[in-house]
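Just so it is clear, A, B, C, D, E, F, G and H label the chains in written order, and each chain counts residues from 1 on its own.
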C-alpha cells in the first residue's frame, strides 16, 4: 500500500534542489514515490538494471532529471516500457538548452515525455505523473480537479491582492 | 468498445501529414482514436469546449500538434485534467525551435508532455499514449513488450543487411 | 471619464515588477488603465471571460505580459477584436527567447503586437498603446510629439553631460 | 475618401512576395493602402522624409517589412508618431531570426509592433492595422467580428472535411 | 592481422551516407575497421554489450554517429574505457544543433571526443582515430605526415587552378 | 592637429562603460578622438546630421556601439561614406546576440565593420581604427608593430609567470 | 600601378561563388585585387607566410572568407597589421551562425572587421575596403559618393516600378 | 621518465581556473604534463612553433582551451599530427556557444577532439588523454578501470546518502 508508484531519478545530488520540487508535489498529492540517484554515464549498468526492474517493483512512472548532454531519461526509456518523464536541468553554461534538446529530441520508437527546464518542469513532472495515474485510477481525478481549482483560486487571490495594493 | 480513447488534435490541416504518424502508430497498436482540427487562436471556444468535454466522452489522452507560437497543447491542458502530449510542428522558418519552446516551457501547474519536433515526435506521441494507457491496463503491456522487441529486431536486421552489403 | 482605456494583464504577480513599467508610462501620459492578473493556463476561463468582455467595458487595448511558453497575449487575442500588445517576460533560464517566440510567432489570422523582452518592452507597450489611441483621438498627438521631443532632449542632455565630464 | 490609410513599406522588391500578403489582406477588409519601397540603409533620407510626412498625408499606420539587420521599421518609428508594425523577412541564411531580433528588440521610447516572421506576419500586420483603426472607428468593428467568425468557420469546415475524408 | 582496430557505429542505416566518409577515410589510411548499426534507444542491451566487449575483440577506438537526442556515443563511452569519437548527424529539423549538444556536453567523468556535424565530422573522426593510434604506433606517423602534406598540396593546387582560371 | 580623427558614438550613457575601452585604446595609441551620445531611435535627425557632417569635420572613422535592436552603426553607415565600426553591446537579456545580428547582418551596399560583443569588441574597434588610419598614413605602422610586439610579449610574460607559479 | 591593393583570400574553392561578389564589386570600383586560396588549417604555414608578406607586396587590406570554425580571417589578422575583413561563409548545416561567431568574437588585441554572412557580406567587404582606402586617398571619395547615389537611385527606380506595376 | 606526455595549453591566464581541472585530473592519474600559455592570435608564431615541436619533445597529446572565437585548438591542430583536444571556455557573454562552435566545426582534414564547455570539459579532456595513451600503453588500462569503478561507486555512495537523508 505504501510502496512507491513513482520513481524520481537524477544523475547527481547537485540536481536534488530542483528534483525535490517533484517530490514535494507528489507528496502533496499523496502519491508514494522513491528518489534515486543513478547516472546514465557514470553508472550505466546500475541505471539499466534500475530501469529494467522498476516495473516489477510496482513503479508505474519514472521521472528523470539530468543536465548537459542529458541522457538519463532516454536511457531509462530504452530499458523500460513505463512512461518516462524527462526534466531538463539547467546545469551548464548553456542554461538548459542543451538538456532540453538532449531530452526531447528522441528518435521514433522511444518517447520521453519532456517538461519545462528546471523547477517548473520538476513540479509539472509530478502533476503529469498524477494525470497519468488518474487515467487508470478514477479516484485520483478528484485530486486533479482540486489542483485545477486551487490554481484558479490562486490566480484570483493574487488578482485581488494586486487591486487592494494598487 | 470502439469509442476512441485517444484524441489527436491539430491546429490546421497542414499539420495532417505529420500528425498522421500518430494515427498510424495508434492504429498499429489497436488503440482507438479520433482526429480533430481545432485552433487555440482561430477557434478558441471550440477548443476550450472540446478540451473540457473530452474526459466525459471517454477520451483518456489528448495528443496536440501545432507550429509557430504553438499554444494548442497548452490551451487544451489548461481546460482538462487529462494528460496532454504536445507535438511541435516545424511549420515556420525557425524549423520548429519556436514550436518546441512554446510547447514545452509551460509554467508550474499545467504540464504538457512534449515529444520531439515533427514526425518522430508524432510517432512517439502514440507510443507514449500507449505507455500511459498501459499504466492502468495491464493487457496493453504485451503490446509495449512487442514494440520494444520489434525495435530491437529492426536494429539487428539493419545491422545484418549492412554486413551483407559491406 | 476615468474608466480605464488600457488593460495591463499579466500571468503572475512575479511579472509585476516588469509590467509596472507599462503602468508608470501610461500614467505619465495621463492614460487611464487597469491592471489584472490572470493566467492562460491556470485560469483559462477567467482569461477568456476577461478578454471577451474587455471591449464592452470600454477597454481599447490590452497589454499582456507573460514568460516561458508565453500564451497569455495569444489567448487573449483569440478572444477579442481589440489590439493586443505582447510583452515577453524573461522568467526562465532561456532569458526570454522562449517568451519572445511564443508571443510573436502567431499564425495568420490572430496577430499579437510584440515588443521587446522585459522592461524596455513594457515601457514601449505603453507608448504603442498611446500611438494606437492617437490614431482615433487627435488630441493625444500632442502627447506623442512631447514624448518624442523629450527623448531627443534627453539624448542631448546626456551628450552634454558626457562632454562636460570628459 | 480613397486616400490610403495604411502604408506598406519594404526595403527591396525582393520582399514584395511576402508583403503582398499584407496588401491582399487589407484589400479584403476594404482598407485603402499604398505600397512603397524605401531602404533605411540605401535611401535613408528618402526613408526619413517618407516617415516624417506620412501623418500629414493621412497615413494612420505604417507596416514595414525588412530582412537581415532589419532596421526599416525601427528607423521609420524613429521619425513618426504613427504606430509602426514590423514584419521580419527571412531573407538571409539565418531564416529570419536576425530580422526578428533586429525588429523587436527596440529600446525603451520607440516601439515597433512586431508580428511573426514571413507571410503569416504580413497577413497579421494587416489585421493588426484593422484592429488599430477600429479603436477609433467603430464601423470597422463589424469587419473584425466577421473576420473572427470566418476564422472559426474555416476551422470547422476543415474539421468536417477531415472527418469525411477519414 | 586484419582484425578491425576501429569500430564505426551508427544508430540507423539512414546515418550510413554520412558515416561512410569515416569508413572511406580509414580505408584510405589502411586502417582496418568494422561498421555496425546499433541504437542506444532501440537496442540498448545490444549497444551495451557491443561497447563492453569491444576492447577484448581488439577494437581500439569507437566512432559513433547519431542524430537528434544523440546518445549513442555517450552510452558507448559509459560502457567502455576506449576513446569514443562522436559524430553529430544533422537528421532533424534543427540541423544538428541538437545532435552536437547531446554529444559534446558530457558530464565530468565520461568524455566523448566530438567532431564537426555531418560529413566533415565523419572524415575527421577517421583522421582523429589515426592520430590516436599513432600515439602508440610510430609507424603510423608517416601516414599522418603524408596526410598533412596532401592537404597542403591540395590547397596549393586549388590556388594554382584559381590563378590559371582567373 | 588635435582635431579628432575618430568618433566614438553610443546610443546611451549606459554604454559608456564599454565604449570607454575604445577611447582608452585610442588614447594609448595617440589617436585623437571625440565621444558622442546620439540615438538612432530617440534622436534620429541629430544622428543623421552627425553622420552626414562627420567627414567635413575631419573625422575619418566612426565607431558606434549599441545594444538590442542595435541600429546605430547601420544608420550612421547609411549617412556617411566613412568606414563605420560597429560594437554590439550586451544590454538586453539576450546577452548581445540581438545586438550582434542587428549590427552585422547589413544588406549589400552598406557595410558595418562589426567587432566582438562588449569590451573586447570596443578595444578592437580602436585597434581596427588604427589599422585603417595606417593604410593611408605609414607613420602609424610603427604603432601597430609595437602593439603586436606588446601582445606577444604579454603572452610570454604570462607564460613565464605560470611556470614560476607552477 | 596595377599591383593589387586588396587581397581576397578564401579557404577553399567551394567558397569561390560567394567571394566572387567581393571581386566583382572591387572591379566595379576600379580597385585592383588578387584572389588567393589558402587554408588556416590545411596550409597554415602558407597562410602565415602569405599574411606576413602581404604588406610588403603592397596589399593594403585583406578580405578573408571561411565557413564552419572559420579561423582564416583571425589567423591572417594574427600575422599582419593590415585591416582584415572577415566574410562568414554559410558552408555547414548551421547556416553560417558558426562561421559568424568564429569570425567576429575575436579577443581583445586582434580585430577582424566582420561583415554579413554570405554574398551580401562579400559585396560589403569590397565596399568597406573602398571606404578604408578612401580614408587615405581622397580621390576615391567620389567613387563612394557615386556608390551611395546609385544605391539611392536604385531604390527610387524600384519604387517607381512598383507603382507602375501596381 | 618525468618528461611531460600531455601539454595543456591556454590562450590566457584567465582560462587557468578552468584548465587546472585538466591538470588536476592528469595528476590524479599519474600522467606527466606541462602547462603553457600561448595565443593563436596574440602570439601566432610562438603558438605555431610550440605546436610544431611538441612531438619531438615527447608530447603525445595537446589539450587546448580557449574562449570566444576559439581558434587555439584548431591552429595547434593545423601545425601538429598529435591528437588535439579542444576545451571551449565560456569567456564571453554568449556563454561558450561561440567557443564551442569555433572549436568543433573544423573542416574535413584537421580534427579537434572537442569536449564539453568549461570545467566538465577540462576534466574530461584529461580522461580522454588517458584513454588515448592507454590505446598504446596497456599498463594504463588499469587506471581507466579504476576510474570507471570510482565513478560508479561515487554514484552508489550518493544514492546511499540520499536514502539515509530522506
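Couple of notes before you dig in:
Definition applied: a contact is a pair of C-beta atoms (placed from the backbone, for glycine too) under 8 Å apart; a residue touches a chain by one contact, two chains touch by 3 or more.
Since we're looking at a predicted model, the values are computed, not measured.
Listed by label, the chains that touch chain C and also chain H are A, F.
Contact with chain B and chain G alike is made by D, E.
More inter-chain C-beta contacts link the pair A-E than the other of A-E and A-C. Chain G has its Cα centroid 51 Å from the Cα centroid of chain A.
Annotation: 34 Å between the Cα-based centres of chain E and chain G. Between the CA-based centres of chain E and chain H the separation comes to 19 Å, rounded to the whole angstrom. Residue positions of chain D touching 2 or more other chains: 12, 39, 41-42, 45, 68-69, 92, 94-95, 97, 104-107, 109-110, 112, 116-117, 120, 151. Touching pairs of chains, sorted by label, consist of A-B, A-C, A-E, A-H, B-C, B-D, B-E, C-D, C-F, D-F, D-G, E-G, E-H, F-G, F-H, G-H.
The residues of chain B lying in touch with chain C in their complex are 11-12, 39-42, 44-45, 48, 67-71, 74-75, 77-79, 92, 94, 97-98, 101-107, 109-110, 112.
Interface of chain A with chain C (complex): residues 90, 95-97, 116-118, 120, 151-152, 154-156, 158-159, 161-163, 166.
The touching residues of chain F, when paired with chain G in their complex, are 21, 60-61, 81-83, 85, 100, 104-117, 119-120, 123-125, 127-128, 131-137, 141, 144-145, 147-148, 151. Against chain B, the residues of chain E that register as touching in their complex are 12-13, 16, 35-39, 41-43, 45-46, 68-69, 92-95.
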